[in-house]
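Once you've had a glance at the structure underneath, I'll fire off some questions.
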């Protein structure tokens, strides 16, 4: 490199903005202003060293010749006058990465997956909120299996497919969607509130049938009149509130703090966290016959939310419903109830024709784009996320949008790395389930029980 | 909301009792006295904020309009005079949740499952008591498998069944019971003591046959004459005391503290915790022939406690016994002896007719209502709990009653969330055992041993 | 209880010896001198409270009436004069259980199982000794599987067998033994040294064939002339020293402490802990043909130590050897070599006739009496222990004897709780191996490899 | 031992060099200068005690007579004059094993396996470098399974084979190699740089096909003209950059430190660690058709790097390629993609003829010589290591050479302890895969999916 003029640290330091950016590498001074936008690693990392010596970070990722071969000669401004190096120059660039307090929320953009939202919520929301959001039934076996069963299903990726562009579009119950994810949740806001803030959004209404049927009938009429609502999901996996102990412990602690008679304390022994309280109005007497009643009050597609067996899936199909959502309520209701992805496999084993007759949805345990793709491969139309989205509300609307963007990006990456570019290409041939196949029932009786169970026959609705 | 009169914090603070209860939400003052009893979340949480600002806890669970729509307008008393807010007002409500010392027992009502009783006992009972209650044979493999095998059995829950009311009633050996649980335990009290405090209770007498048969005969005569005793369970899984090391370590430590000759120390090398000491009078020479002798001394139903194989279950059936209790003594006697729930499955595989001939009971590893239901589904009449009930005695009679209430509540919740309301509906079709099926023997020989075992033939009693 | 005379704490305190022992329970004073020997819980625990108030320890294990019903009335001496209670009286009894320093050996009798010997050795022997004793090949997978495969085999215990007396006697290669255990070990002492201290003991000589055959021939001649030696075990599982990294790290650290040239350091890169050093004289060129040579130099029974496959077991049987010892050298030589108990199962699957033709021994992973019994059930004549016995030498001869006593006691307990009283009754029908069956090869080729392996044929000796 | 003259500690201390080395054992003084080189345990351990008392370390590994029987009598110089013992003499020998700082690199020769290189790198390289080297896709399931699947494959070792000399030579694509290992890596240096420093080395060129095909064509022409390059491996498992979160977190943190608008932060939400940046130029549009184009630009053998299914392996075979490298990119691209060793087993199940038609390579998860041998047994020609070699660059060229030496030594040890001396003898009969067989697909559809997948047919090239 030809010797050019000597430049002092003082002079170099002045060129430290996006519009006028010099850096020093190996004592050579370069004007990289025009290069900022072209840098494959982004402009930020260069701007961090604007007007500074960037030799160290540069050499961590580049060999010596790269700079010279990417910049035209006139961008080489001169040589650092080493005699002007002083303490100020030698300092590392300022950084804002101060240590966060334990219960302080980091900037949203530093959260890069659904686990992060859970982790941050565990530290920053109130004890009571955390208990309600995170709790699941008793020993948490189903909650954990919901995740681990996805992890035990392996992809069978194909290579040398053109995956330049990928399309996650799909259609749920006649509604076009940008990707196969919905948010499975009970809202604190009325449908009117939601419509006001999102006038063009589509909703599926999750109905908890009230003990007072007339209240539910009114809700159904409202839904039918609301053009944003495209389907009704009747919740059937929460007939009775599960025992969510983290939630109940908050309640149990709380009761310490007010004077109460022993008899009151005793009556309260069944716990009764927020989960039990909120479930108070749900009717545990709901049956297949009630679905006829639901149909009477709405022209919308009707689906069941909370199917946990092929047996009920078959009943739903025979009853002419429009879809089912396989769900164990996020493991919140009955511990050791089967993960939805296992029930999805049970449908393939026991009633594969169901996939032609109705739409199948899945929730419980979805944490990754790969989880979404596995469910789609096994015949699901789309998947729901509940708990993770609750954790994302910790950052308000922006948080939820950020998490949705992350899930979509993860799904696209999973599709490309499996060698597909459209969800139409997904199928059971793309997954190997040998590690969980023994968990999937093959029949409606126990394989080595002597005889078919006594007890009442499964109810059946011939016509809805 | 119409502006009403301004109310000072001083005035509001006075209305802080169950009979006169005001709260402030979003600066509006409400009289909630009459609402206390109706509150779905219970009165306690409201009373905690009686005469105070409840905006924060309210908004954690309610949307703004809920209060207004649940209370009549005249309950709105006015607006908080914000100028009267002072330090006293801003303080959070008093709480009694002081930190408990490590070895202090928390209030009974804060214990919400059987694990809690174990956890608290581990911290608050004496070292020796804990060692005796909690210990199990050698490497604790059976003790842990007793629990984990239940956890590896999955439910197959059904939905849309009317589960408004649930009934856990059953019948054990002719005795009606409110739910299928008994306490499996050796008592420090005589039958007379027990009868005095619980004159109308029913008992099954667990007999440890004494080396001195006449002592056992006398006991059997007493039992037969005692109208509260409905059956005899002959203990057969404790022929020889197991090596319960936690228990023996307490003993080994203790022997340090008294002078003893080396020879004494040496003789003591086999340990000998409380378990071994207490087993001293049990006869290891008990055989099938002795059951004839038992029958002679009582007209009561006779069951075997401690069967660990289908082979002995078949012998018991052929011997005309009234029932068997599948048990490995809580894993306390022989490590890697099979969990009772696995033996129950072995009966289905190898001798399903047994369920028509005698009653089958199960203990060892029951910690949850779901465990009870799984055993019932697989044909058990009822289950026993031992260790957890010992831990509950840490709170006396009330503790045991509280744990029993918890177990019943858990069983009811499990039944409802499986879609059944009576134990008659339970059956093997309700569980999937694919994750443990490989642990269940199919024959009475080893599947790839060359020939049937040599050695003595199993004894057999043609007629009892 | 009739009021008797008041006794002062001072008076009571004097009666505190085995020959004159009073205790106080519930303020009543008893003379328990004559009862000391009869106490089911032993005399030591009473003597601890000799001349003291024993109410607390008494009530932990007894109900109030027990004392009265076990002692004659004249042993009741009177009532404690509570006015004489002082600080001295209220103190707990002296105890010698001072906290041991981390690297101090506790009294031998407080060690109650083989794990204890390992735990204590890890803290009290030199770093180098520990590394050599405890280390195993590379990632320790085989070392850990040696133990866990035993743990995954379940018993099928029988009840109502008379197990009053149990007999562990067996016979190894014509030698009567009190129980089926031998110590598998390389000794630092010559056969003469050993014979001097144990003139009537029987030995099996473990031969490591030397590169210099004449040295081994001399050893064989010595063995043949030594009446204490009953058999020769030719070591074949240590053809090449394994990579025992804990051992090699001690060596690597040590080399830091002396000046050495870089080239020396480089040459040393293969590590070379004590294991490699000690293996230096073993001949890696040993073949089946050499066994002919061994036979020539001794009239004693010849066994192979270190068989890891049914294929070599079959060759040994065909070669007319007297026995084989299934062993992976405690996992010290080749990581992911199969546990010996798995190889024992492979024999049942692939060559069950072998159990009639030769004696089968097992080592590697034996830690419990239950492990011994499982090996015997599956056809082993006896088992060897190596590493645990090394750990026991930490307490000298007494330590080894104590561990042997423990193992025998554990075996007897396991036999009784399985319902057998003689090793002749043990058989494969007593164990269920469903949890490890998938680890046992069924053929001598890979189940889904296209064709039988190329490469040289297994060598074969038609006649030894 | 005859009494010889008394020697003072002062006199002895002077003989403390490799050329003049005395030691004291049991108070006897020996000249061991000539013995230093013969010592089986190496000279260093003796030199550590040169001129000192070596009784303690000697007795830890030797019995008393060993020294006398190995040295000639004239080497016995005399007896220690105990009266001259002083504090200086009693001190332990100086040691240089000062505690290293946490982030200080220990001497290279103390690293004895591939894990050590990872452990040291984790503490001593920059945070950014560590994140890039160590990171893998999302939940790290594939990264961990890459290792654990090797660990779950068991050897079936044979004994009594002559393993005095072992030969690891093999041939890859016509090139003779000293052992079956290659380094799988993207280099920061040009081929010219590499050739300059290693003029006689053979290379396989790993081609990442550029979006700008002409750049790749130029590279291919360069390769063809370079006599050191023996084959082209076209990378196909990195069509799209995986989500390597450790890597992306470094990036996310960094962006905190420069001022940026919220919109910029938002656009950056997909993370984009070094992995994504570096993948920027790779063409995700690559298809089987492009291989025809590759063939046109080179006469060298062409292999595919990154095959993850038997289906693509079959296509590669049918396309006439020279080899395939089974790889999931070290688990860096798609989480829950199958470990390469599982895909290797899939080839045996589904297309065993492939092993006659082309060479099969394996990478991802190789950490041990046993891993290499397992892959060779199952038909691989050789294996690649990537991540571990990156960690070894932490010690420069010497580090990489040291790790290669370690791997070769481990492979030789594994071969010997399996009873083979040449890789030709390795075959599937040497491994038992029963613990992972359920993870290996048997067909190209899902075993219980109703019908063969819809979606596009796999592309196929009839002729390259």
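Lettered A, B, C and D in written order, each chain numbered from 1.
Heads up, the rule we're going with is that a residue touches a chain if its C-beta (ideal position, glycine included) is under 8 Å from a C-beta of that chain, and two chains touch if they have at least 3 such contacts.
Please read all numbers here as calculations on a predicted model, not as lab measurements.
Interface residue usage between subunit A and subunit B, two copies of one sequence, is largely distinct: under half of the residue numbers at the contact are used by both copies. Matching the C-alpha atoms of subunit C with those of subunit D calls for a turn of 90 degrees, to the nearest 5.
Chain centres here are Cα means. That of subunit A falls 37 Å from that of subunit D. Residues of subunit C found to touch two or more other chains are absent. Against subunit D, the residues of subunit A that register as touching in their complex are 40-42, 44-45, 47-48, 60-63, 93-97, 107-110, 112-113, 151, 153-164, 345, 348-349, 352-353, 355, 368, 370, 402, 405-406, 409-410, 413-414, 416-420, 424-435, 437.
Within the complex, the subunit D residues that touch subunit A are 126, 128-129, 138-139, 141, 188-189, 236-237, 239-243, 245, 248-249, 252-258, 260, 264-266, 268-272, 274, 277-278, 280-281, 283-288, 290-291, 304, 306-309, 311-312, 328, 333-338, 438-441, 444-456, 458-459.
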